[in-house]
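Down below are the structures I want you to see.
Across the two complexes that follow, chain A remains constant while its partner is chain B and subsequently chain C.
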Partner chain A sequence: MAELFASAPFAALLPLSVGSVELAAVDLGRLTLITPYKDREAALSKALQSAHDVALPAPNRTTGQAGCRVLWFALGQVMLAGPEPDPGLAEHAALVDQSDGWVTATLQGEGAEDVLARLVPVDVRAAIFKRGYTVRTQLQHMSVSITRTGAERFQIMVFRSMAKSFVHDLETAMEGVAARG
Partner chain B sequence: MRIDDKGIVDRTRPVRFRFDGIIYEGVKGDTVASALLANDVRLLGRSFKYHRPRGILSAGSEEPNALVTVGRGAGAEPNVRATVQEIYEGLETTSQNRWPSLTLDLMAVNDLAAPFLGAGFYYKTFMWPATFWEKFYEPLIRRAAGLGALSGEANPDRYERAYAFCDLLVIGAGPTGLMAALTAARSGADVMLLDEDSSMGGRLLSETDLVEGQTGPDWVDRVLAELRGMDNVRLMTRTTVAGVYDQGTFGALERVGHHRAERPAGAPLETFWRIVARRAVLAAGALERPVAFRNNDRPGIMLAGAVRSYLNRWGVAPGRKVTVFGNTDDAHRTARDLVDAGVHVAALIDSRHDAPDSSDYPVFKGATVSDSSGRTALSSITVRRIGGEERIATDCLAMSGGWNPSVHLTCHLNGRPTWRDDILAFVPRPGAVPGLYAAGACNGVFSTAGCLRDGVRAASEALRDLGITPANVTSPEAENAPYAIAPLWAVPGRGRAWLDFQNDVTVKDVKQAATENFRSVEHMKRYTTQGMATDQGKSSNVTALAILADVTGRGIAETGTTTFRPPFSPVAIAALGAWGQGKGFAPDRLMTSHAASLERNAPMIEAGLWYRPSYFPRPGETTWRQSCDREVSMVREAVGVCDVSTLGKIDIQGPDAPEFLDLVYCNVVSKLKVGRVRYGLMLREDGHVMDDGTCARLGETHFLMTTTTAAAGQVMRHLEFARQGLMSHLDVAISSVTENWAQFAVAGPRSRALIDGILDSPLNEADWPFMACGPVRVLGVAGRLFRISFSGEHGYEIAVPARYGDSLFRLLIERAEALRGGAYGMEALNVLRIEKGFITHAEIHGRVTAFDIGMDRMMAQRKDFIGKRLARRPGLIDPERERLVGLKPAGAVQEMTAGAHLFKDGAEPVAPNSQGYVTSVAFSPTLGHMIALGFLKNGPARHGETVRMVDHLRALDTRCEVVDPVFYDPEGGRVRG
Partner chain C sequence: MRITCPLCGERDRREFYYQGAAVLLERPAFDASDEAWDGYLHLRDNPAGKTRDLWYHEAGCGAWVVVTRDTVTHAVLDCVLASDVASGARP
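Our next item is the complex of A and B:
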């Protein structure tokens, strides 16, 4: 009996280390895009709380932690990253599986902010963009979701089909930062 | 000549470099200009038009004369200012615009022809005959006149773009900028301090005055040490703010690699910064202006402030017997500094009758310099006094006509500067750039003490504006001499007195412009070319307009300035377009089948950002047509597999989803049964077709919309607009799931066998008629199946989560091949759909209506939808519109082309006679001849008519017959079978 094998676009490309900055693939597990129905945000937040122990985040914020995190993702949309969503959530929101739509990498190390400053037109410095803050923005020409997960660590999500360009652009920026020493 | 014990360069570190092939030695800290002057090299270039010998005028980025080419080969960089380029071991520089060599430039004959080459000469001289301009005159002028040239090869250097943010941006790190930055830093603000020079300090590095009892450079070091110790301060040298834009955005060019002999791999040559600052202090300083007198462009004639810079900063005396010419007390500093350094000062010529005296050098009061002599280097000047003229031997003249505040950046948002009679200069108009405070010399404050104070003042104002309490900073004691300027623009007399050194514009040219009625300063600029090219008239603008004001009898304020536009100094296009080289231009979107398709040698074509296989060549096939024809027949006779993942997929859920879809589609979707798919057509508000696709009902309130590949983003945006802007009362959730699913078309008479082989349980015929859909399990994986067809054959589209795409594609191909089928690419897909008369964006290109493509009856009568009203406009339902038809050869036609126009048989094929055009063509292996889709006036009524097809671009002129657009299986029996 034949079977289907899973492949990951970052597998052949990452990890990558240039200077003091490292880019590595990370598997966030199940990704569920959640769009609350009209006036159901509070009920959804309560349901998330009881099912997954996380609240609905405010815009540009996240809740939870590694393994089960909710990221603000767009106007009126959040992404549940980690667990299989509780079916009860569907009462309050549209649930859409995005586990294969986005790929995720971690950019970390001294100078990670400088690398992002070359590609991302928003201020990601620690004083402004604190741990747990998230933003939907562009990385070069690509639509991404960036979340600060540590002092010098960012989680970046990008379209699966753009994985190769994503690594190319980040590698170029990492080389430019490293070359300055 | 290097002077002992002067300068802040590192004498212990010699650096060797080349200029025009000759090796010179400078020291660390030198620019090309200072090192060449230290080697007594005066001649650096030839002027733009007349090829006159030129030397170094200034000591900064305003330099109009001393332009050189740096490096060689592909990466050679022309028009680099020798006054900015730092030397490094092995640096190679070459002079420009001369032939065969700098000292013997045969093009200098232009100078003899000068009477014929004045302002506007080419407008008058080269008018006849008209055809000669492009073929003869222009190439000749271009060869004779010019600056440096690019290599013509691809630029091998890397450029970078970067973004930065701060509370306060301080532009310029002279005394003003340093005090502004210090004030803001001590107040706790997030500060960026930028300077275009390699070292911060501005004029303090070039003057001998003390600040708080310390030398300028020592005081600068102390301040910088404090700033470096603070983590709320970023210091950037070699960074020029080139442009000011809205919302506190500044463009700045950082020269990262120009001063380094070896650049580490990956290092950029330049970084273009976009800085967003909540407030800014402009401390850009001032630029000294030359005095126009006869032959004032000779190598050895320099700006007085530059002479002090070379002497005090680089320890170089630009001459052995120096003369000074000026109209301010400032000019006397130059003489004093030279005497103190042991350099002989032959004379100081001051145009003011009340100039101060000196016991160290002769002072000529109320006198002017009226001429100079020497061939490629200054040998003497002529001094004019009331009593007459006399010649004084000198090898360097330091001149000063006063200082122009660098108001440029304050004008980038269309602000105009204000004239101040007391300092004879333009100063910025406050508020010209919101949130930007001009301070120091660029604000018309010329003493060191005044600048230091003004820096504190401007920073404090900016901080208060931000709600930050400014720290109490005392500005240090320093030189506070009065400026005391008297007007001195041009010395009257015969001969050519130069204003714009870079463009060879003289006083006479400006007067000529006025005479010919080009009296507006903007007209004068364009007529004479004054203020153009790389230096943008930094040293000549104000003097030129002062002369224009004089000859037109107006005041300078009334005459006004020309417009200062970005960039302040030249920025390479490569820096502006950084990251856009090569693969940085746009991201590639790769399907999950990409690797497997490449393994099968499929050539890729771009569809939007996606890469899709064109065809899959097999052994023995030598042209794309052979592969394409085989793939078409394979689908018609067996089974083909094609990756269609690029089509947009949009998940739509919510209680109001059916109502929402009825509004965005022109046909009814709400009545669709669960488990069924419907073709849908979407109009723009203006009634034209936007996109088409399918809509599958996965559940009562759950739909999956597909879009065309190219319009996926546009449709998503349109849906969001409709949801937020038009129907915000509806409860509907929209999510793009294009990326999440890999989807493959499986088409052909044997598709059913192939599909059954990979499903956990085979399909039940009754449950899966044409246009059915539903969840399936594909080899244990949850997937979706749609019985839809874009080929006209019995077909399916099967979707699995993208991670399984590669695996499923390989398996499907392998099994299809066992059924005498295989993979097919875009070419075959296109032929299959043209045979069926299915449209793509070749047809729905934005100017066609549902009526034009024969789908007017899809527009539902009993509901409202976007575009309904405007689609009913009489002009959009006129039968005479160009409407969709099929076209087939009339007779032995070999070729048909998309883009060709259609004419009545016998009509002359000219534009007014065009009856329509061809949008898609293909060779149909199924029918054995060419077929085409196109639009023809009243097309559906003209089936059977012969029309003429003419493609003027490809010299095609043929005849074809108008037919129904569905060429193959018009009853649709195959797709249902």
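Our next item is the complex of A and C:
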């Protein structure tokens, strides 16, 4: 029997630091995609509150904090990042384990907004995109979830299979910002 | 071109996939006449002016939306969830 070794997708690629901006891998723990059944959002929010102490977020928002966060993920979908989902949630929603489907990186430092501005077609400036806000969009041509977790810090989730292209594009943008602002 | 998604707000056209005229929401009854089905499947208006299309917010929230736009001025006039149109909540 062949021996298999787990390998982190970002292992050989991150952390990366260019100018004042850093890109680092982060392990969010268990990722559970939660799709509430019809008209069960309120009951699900209550169940999330009692099991994990987080409410169901509105579109483009997150609830909770590092370690246990719920990110709005699409129309009628949220992602629970961190804990093992309470089995009781399954009464109100379909739960899908996507832990192995996504990789997550943190982009932080002075100029992080400028780096993202080169890559995404949405406004991520602090006046518009505040802490705890989240957005589903494209980074170059990759589907991503971007969340502001601090004044100059973003959490970016991308499909695991695109880890290398993702780092390549971020690195190019970081170099551009470092060279020209 | 910018489309204001009812969930995500104003977004770039590149996030959306164009499906076609919003007539697909008006599916004829199962036993409707051949003419009704022929029209539904094949016949489209080509208006100079206001038109309604189905778009898919592929790179955003994944919602199907009905976009009202003007083919003469290129103005995007309205954008509502297709599910709201289908359920009758929106015209």
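Everything that follows uses one rule, which is that the second predicted complex is superposed on the first by the 175 of 181 C-alpha atoms of A that agree within 3 Å, B and C clash if a C-alpha of one lies under 4 Å from a C-alpha of the other, contacts with A are read in each partner's own complex, and residues count from 1 in each chain.
Note that contacts are C-beta pairs under 8 Å (C-beta built on N, C-alpha and C of every residue); 3 or more make two chains touch, one makes a residue touch a chain.
As the structure is a prediction and not an experimental result, all values here were calculated from the model.
Enquirer: Just chain B (first), just chain C (second), both, or neither: which does A:R136 touch?
Expert: second
Enquirer: Would you mind checking which one, chain B or chain C, touches more residues on chain A?
Expert: Of chain B and chain C, B contacts more residues of chain A.
Enquirer: Applying the touch criterion given at the start, work out whether A:F5 contacts chain B, chain C, both or neither, answering first, second, both or neither.
Expert: first
Enquirer: For A:P59, using the defined touch cut-off, is the partner it touches chain B, chain C, both, or neither? Pick first, second, both or neither.
Expert: The second partner, chain C, only.
Enquirer: One more residue to check, A:P121. First (chain B), second (chain C), both or neither?
Expert: A:P121 contacts both chain B and chain C.
Enquirer: Do chain B and chain C touch any of the same residues on chain A, and if so, which?
Expert: 75, 77, 121-122
Enquirer: Okay, in this complex, where on chain B does chain A touch?
Expert: It is residues 158, 160-165, 190, 256, 263-268, 271, 274, 276, 579, 583-584, 586-592, 610, 651, 653-655, 724, 731, 733-741, 758, 778-781, 800-808, 811 of chain B that touch chain A.
Enquirer: Tell me, which parts of chain C touch chain A in their complex?
Expert: 7-9, 11-12, 14-15, 59-63, 81
Enquirer: Which chain A residues qualify as touching chain B in the complex?
Expert: By the definition above, chain A touches chain B via 1-9, 18, 33, 35, 37-38, 75, 77, 93-94, 96-102, 117-123, 125, 127-128, 140-142, 159-166, 168-169, 172-173, 175-176, 178-181.
Enquirer: Considering only the defined contacts, which chain A positions touch chain C in the complex?
Expert: Chain A residues touching chain C: 59-60, 74-75, 77, 121-122, 135-138, 143.
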